[in-house]
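Consider the two complexes below, in which subunit A is the common component and subunit B and subunit C are the respective partners.
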Partner chain A sequence: MKRLQHLLPGRSGWFWLTLFFITWALSHYSWDLYKALDARWIIKYPSAYLFKAESLISHFMQWLVEDATFGIFTFRELTRFIAALIEFPYVFMRDLLIDGFSVGLGNQAVEIAPSLSWIAVIVTLTAIAHYARDWKLAALVGGCFLYLAVFGQWQSAMVTLASVLIAVPIGSLGGLLLGILAYRVPLFETLLRPILDLMQTVPVFAYLVPILFLFGFGPVAALVATVIYAMPPMVRVTIVALKGVPSEIRDVGVMVGCTRWQMMWKVIVPAAAPTLMVGVNQVIMLTLNMVIIASMIGAGGLGFDVLGALRRLDIGGGIEAGLAIVVMAIALDRLSQAFASRSVDTHPVNPDRNLIGRHPWFATVLLVAICTYLLGGQSAIVQTYPEAATVSTGTFWSGLMGYMNVHFFDTFEAVKTVFLTYLLLPIKNFFTGIPWVWGIVVMVLIGWRMGGIGLAMLTGTLTALIAMVGLWDKAMITVYLCGVSVLIASAIGIPMGILAAQNDKANRVIGSLIDTLQTLPSFVYLIPVVMLFRVGDFSAMIAVVLYALAPAVRYAAHGIRNIDQQLIEAGLVSGCTPRQVLWRIKLPMAIPELLLGLNQTIMLALSMLVITALVGTRDLGQEVYIALTKANSGQGIVAGFAIAFIAIIADRILSAAANRVRRNLGLER
Partner chain B sequence: MKMHIRKFVAATLVGLGVTGAAFADAESQEPIKLTLHDWSGQLLTTTIMGKVLAEAGYNVEYVQADYIAQFAGLKSGDLHVAMEIWETTGREAMDEATATGNVVNMGETGMKAIEEWWYPSYMEEVCPGLPDWKALNDCSREFSTPETGSMGRYLGGPVTWGGFDEERIEALEMDFEVVHAGTDAALFAELESAYQRKAPIVLWIYSPHWAPTKYEGSFVKFPAYTTECYEDPSWGGNPSLAYDCGKPTGPIWKVAWAGLEETWPGAAKAVEAFTISNEDMGAMVGEVDLNGKSVDEVSDAWLAANKDTWSAWIAD
Partner chain C sequence: MEKPILLDCRGVWKLYGVHAKDTFARKNGKLTAEDIRAHGLVGAVRDASVQIRQGEIFVIMGLSGSGKSTLVRCLSRLIEPTGGEVLFEGRNLLSMTDKEMIEIRRRKMGMVFQHFALLPHLTVLQNAAFPLEVQGMPRAEREARAREVIELVGLKGREGYYPRQLSGGQQQRVGIARSLAVEPDLWFLDEPFSALDPLIRREMQDEFLRLQGMLHKTIVFITHDFDEAIRLADHIAVMKDGEVVQVATPEELVLNPATDYVEEFTRHIPRSKVLSLRSVMTPGAPVGETAGELQAHLRVEAVADRIEASALPHAVVDEDGTAIGSIGRQAVIDVLIGRKLAS
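After this line comes the complex of A and B, so read on.
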């Protein structure tokens, strides 16, 4: 009897079961209901009551880019001014790294000084790496950039590096300042939070057209879009970091009589620096994530190579350029992490030595730069890596792809059919069948159950808004595609994370796999996936799963690792088998982290939608993409907001759930 | 008066065979910005135009830009010339832009965009009677997949390309279902995959493009397109529905920022005069995409072989 009771759901279990059952029934019979009652509004939001947000936003945008004015100057002149401010350092960086300094415009330009030679760039980065940590890191970073030269990606890689070197400081500094403001003024933080959510979740394609109008065409607009996308984590990290500075340090500041300015910049920010560097690291990674999309609007570089190669179906070329992005990301990631953990005594310098002795890195770099500059005039090899010595693996990849295609296509097809029939299609029918009214009710109920009346209001309103702008069907397809992908990503990722947390060797392998998947532009594997699985939802799902896997793995590993050792020991002492330790102690204790991982998995899955639209899905991502190709900024922004709303709903509900679990486990302080 | 003399000098120089650097002097030395996209054909047309303009003494700059998003730049004057706007894919964006008055249509490039259902030639053994569309329909089962059930699967272009394929299937009562590819990269990825396996496929292909050169195959023959076919349901085999015919072929347009004419009148004329044939372009695209030559090399070769043609564009 007791055992039976254990199997029966508790009170909250009944709530969820009933909710699911009603939803299922309504979804299944919605069509019959509509026919029986002759009430078409059940399945389709009545078009007479549509909220015409599209044309409103289009008009607002038109006003903003054409007529908005501050009296002395227009809004557009302001943004053009900002663009010019950004363009100056960017052009300098490009000239320095690859183009060479020249006077004049277009094809009448005359070169007055060459760019840094490839040798000088590699030496500089190696020296920075050695300064940040040790020779091991220096070898890694130097090796990564040498790879770029050897594989013939140097030219494009430097163009990409130039935009990274501009976007990252702007994103980091901007994020830092916004974070400080939010830290000082709590009201600002409350206002900022939803804006940050939107910046991260509205797909870039949605606001691309207005950005091009405001910031002009070319690399600067791409930089602005990149910064908008990459800055939010820096703001969030800054707020957390500043709040995390121990009050003792602050007290010392007060005691020695710091002014507010000194307090912030000499006490609090330096004390928070290691955590802040984590934010910088995030900005770097997200900037590199944007490389492909930025190249679509004129940033050029490696992203353009990937796109161009794949349009020619040159899969090898696409993979090589894609891997070059990965390699660059790894080098910059490790470098910024080393700076995050660098201590003052990494390389003690004797202050009595002469100028060169005190600055060995700078001196080396300067020496190499001057030497290569002088030699570069005489020998082309010093200036640019010789093309004859580049290596290409292009034919290997294309050959491999062809072999797989010819020999294994039928197997893939069979697997795909099983997935489609038993997983994708039933879930799709379930979600697309839900009548919109009931959908809103369900979201209110879930919000109320997880976080009380406030959350219920939020989730209900956002869901209703999606229905009111007439995007209900597309939103449901989005939820279905993301839902299935997140389910599969979690099913693969969480076990991988658990394995990585308990086994060092596995950790290393899984870690590098995850790094690669996150920085390799998804377009690179999307095209081979299409070759093997055809155009359709299944291909889209694979791409989303691959991209969204990383947080599931990372948070699971992190959650398991961070469990209080005493708890595990207590379990072992009371005679738990390793299996019991995992299932009864580690996993339940890691649930809050797992939920956060789930949250991030959903965010990444949603951010992939615009990319999967390129293989023909019919969801909100496609809506954004269509809006872009029709230059309809209203349609794009509305669809973009709908995606953001789904993300925000998921985020708030899961955060509330994580908090509840944490309280129940007694982890909350 | 001054202009007159300059024109005279320019004419003499051209007459002497010293093309360039002359009549552009009177015009702005600001660089003319030409947009580059991500397919080789467009890179070739733009590079040829750019080299011709440079020859005429203009300052030229190439800017990487998205095919549709570029209109934002053309309207504001950030970008100046776009060499390939396909009737079939860019019409709406082009109309929207020209309606503002800030963008002008610079006429046809001379290339015709052909787009139609296409099948690889090994399908002819399976479906005797091809390229007739009725023969295709008779063996529609060969093209079926699990997703489309007993219907044949026709891989259409991205939704944004339009094309009325759903309507065509309905009107001609064909047993096919349209599956839309999201980009043309996805479209050709599937073709490559099917071609390697000699698997059945029928899909949307357009020309000029490298695919009809690389793969052996033909366009399906539908009843020929007429405007009445699209507008008048009673026309054609199906008396009650429109679209019971093939797709129209459309020109590829050139567009420019409205200020081009004023700032660089000579350049505007040259852009307007630019024409190239489908055959020339198809051959060049093949050189670049299939034989691995660079755009620079191939465009130079064309310029060398067609000196008379392009000199006329900048002769004044």
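After this line comes the complex of A and C, so read on.
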């Protein structure tokens, strides 16, 4: 009897169980309820009361583009000015890397100078890598770019690289300046913070729409979107880095009589440089990710190749371009990380040596650039990697996929069907069946239970807003897909994290796997999944799981590792078996971290979910995607905000839960 | 003859809290401890007055939270005091514009920090030259000057190193070199040796005394270590709860502690390190045979061995060579054992 009682839930357990069963019952019988009561409003938000946010926003955008004026210049002129400002360096970079410099337009164009030869580009990047760390890195980076040339991806890769090289400085510098402003003016920081929060949760597709509307289709619009996407983390990192400069260092600046300018640029910013470089690394990786996605609004390059291949279902081409992105991402990531952790030479260069001796790498690069420039006129091989020597793996991949589909089709299909029937569909029916009114009530209850009245109001309002703009059904599909993916990602990721925390060897393997997964632009995940499982919810789910796995692993490992060693020793001394130590000490103590990991997993899952609209989901992501193809700003923004609302609700509830647990464990007062 | 006053700090207050400035102004700068508490303020420095004379080592001593670091930051105006005056060469620092302050800091002040505060991206040479760089001094000139101070602190040969490649003691030597590069008139040292190991600390104190012997700077030295204070100080200001409890020479502090708090500090200090012969001798011209003459300002510790070794008392003479008293074995032993002085 005692044992049985132990199994019964406590008071809060009853609350959750009751809530779940009521929800389940309502979801299951909502259709019957509607029929019995003849009340359609139960399953569908009445269209007469719809909040017409979509057309409001569309009209506003229309007005912005057509009529808005600042007196001296119109809004349209402003966007054109910005576009020109970005276009000039971008065109220059493209000319330098791949197109070659020319004057005149169209057929009258006369080439005045060729672009850098492929050899010069590879040598330059190798030299930078050696400067940043050592020969090993130089070999890696050089090898990666050589791969791009040999496997015939050079042209697209250079277009992508040109975008990255323009977007990264703008994003980093812009982020730095905004961060400095926020650091200096506290009011500005309070204004900026909620905007940054929102920017992180609004899915990328959502702001492609208005940007497409404002800047038109093309590389400039893509660059604007990329910069907007990549800048917020830099702003955050800058604020943290500047605030982290020890007060004594600032005192030094004052005591030696620095002016404000000297203080910022000679003392604080250099002292914060290592942390700032971490931000730049993030900007680079986000930029690459976004440049690929932004191929939808005309960025071109590798992303466009992937997109095209996905649309044509050209398996080989898609994998080829995808691999090229992976290779480039790895090279850029390692390179920027090396810069972030670069230890300066112990002994300064001997000033007595001549100019070439002092700057060996610069001299080599210059020499190679000049030589290939001179030779490039004579021999085409030096200028562009010969087409005949490229190796195309496309047919190989197509063949491999064909082989797998022929021989393992049944297996894949069986796996897919099992998942669909026993996991995906039941959960989908559960979520889509919930009547919207009850959904709002549930969110209010959960918010109230977790964080009190304030949180309840927030979650309730946001949920109600989603219903009011008429996106309830699609939102529920989003919740269901996200929920299933997060469930599976956690089920795989948390044990992996625990394993990594307890075993050094496992840690190395899992660590490098997770590092690589995190480096890859989200687009890449779609390719193999679609090839094997074709379009649909199951494919989307797998892509989301892969993309969202990293934080589950990271936070679990971090949580387990950070437990006070004394607690574990206390357990061992009391005679716990390793299993008992894990279940009774480590896991309970790691719950706050696990919850934060869950939070991050949800965020990544949501952002990936939008992208999986490309493989045919029917959720909010699809709504955004449709808006994108129709350039309908209102629709895109509203759906984007709906996704952001889901993200915000999940974030606030989980943060509140983590804080509660932490308080209960006495980790925080 | 006393040296002129270089830095005169008159009734300086630093209050933290909401409306600290208004409350202070409303009360005309006359706040009691109760007032401060009633308004929910924190009195980090309360009505502190100290005078620092040309060429002396002035030590501000107190435990953590006593307000000593806040006071020295008020003196250098790193923190804006709530009230009071800080006169430097007769001019009130607190009423100066930012521009004037920058000028004074560039030419006349130097500061050494507890955690060294070296700029991580600069080499030893560049760190030492940094104050000069800020002033806009040409590169060759400032580096020549930086090399001089680096040699002065004994780091010649490490100019190209980065701070993280140096030990704590070496890093603080760079900090000292940097603060000396501008040849400051007024030298602030904020617990410069507190972050160092005891052995290194001792070594750095010797080094510091050696430097001061050459440079004769006016020094404001912050410490929480009473031993360090009496070793280095010409004058000590003892602080407690934001107030300056007593300002005196180390000897006066030991002989006449103003409060129980000060006495508590001095109790475990070996007297022989502090007391001069003048305060332990038997006054009056020596009677009978003496073993020799000793200067009255000498500390007991320095001559204890000589006095104890001789059966005859020594004559104690003042600066002019006039005998003003005598001292024998027993007096020295009393001091060394720590018996309460008869006086």
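Simple rule for what comes next: the second predicted complex is superposed on the first by the 528 of 669 C-alpha atoms of A that agree within 3 Å, B and C clash if a C-alpha of one lies under 4 Å from a C-alpha of the other, contacts with A are read in each partner's own complex, and residues count from 1 in each chain.
Operating definition for what follows: a residue touches a chain if its C-beta (ideal position, glycine included) is under 8 Å from a C-beta of that chain, and two chains touch if they have at least 3 such contacts.
Here the structure is a predicted model, which is why all the values come from computation and not from measurement.
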Going by the contact rule set out at the top, does A:248 touch subunit B (first), subunit C (second), both, or neither?
second
With both complexes superposed on chain A, which partner does A:182 reach: first (subunit B), second (subunit C), both or neither?
neither
Quick one: is A:631 in contact with subunit B, with subunit C, with both, or with neither? Answer first, second, both or neither.
first
Quick one: classify A:268 as touching subunit B (first), subunit C (second), both or neither.
neither
Touching A:258, do we find subunit B (first), subunit C (second), both, or neither?
second
Which partner reaches more residues of subunit A, subunit B or subunit C?
B
For A:93, is the partner it touches subunit B (first), subunit C (second), both, or none of the two (neither)?
neither
Looking at A:319, would you say it contacts subunit B, subunit C, both, or neither? Reply first, second, both or neither.
neither
Looking at A:298 after the superposition, I want to know if it touches subunit B, subunit C, both of them or none. Which is it: first, second, both, neither?
first
Interfacial residue positions of subunit C with respect to subunit A in the complex:
73, 76, 78, 101-106, 109-111, 113-117, 119-123, 130-131, 133-135, 160-162, 165, 178-179, 182, 188
For subunit A, which residues are in contact with subunit B within the complex?
105-108, 208-209, 212-213, 216-218, 295-300, 304, 307-308, 310-313, 402, 405-406, 409, 413, 416-417, 420-421, 526-528, 530-532, 534-536, 612-617, 622, 625-626, 628-631
Provide the residue numbers of subunit A that touch subunit C in the complex, in ascending order.
246, 248-249, 251-252, 254-259, 262, 266-267, 270-271, 273-274, 344, 346-348
Which of the residues in subunit B end up touching subunit A in this complex?
29-32, 38-40, 54, 59-61, 63-66, 68-73, 75-76, 78-79, 92-93, 96-97, 145-147, 155, 158-160, 179-190, 192-193, 196-197, 199, 210, 289
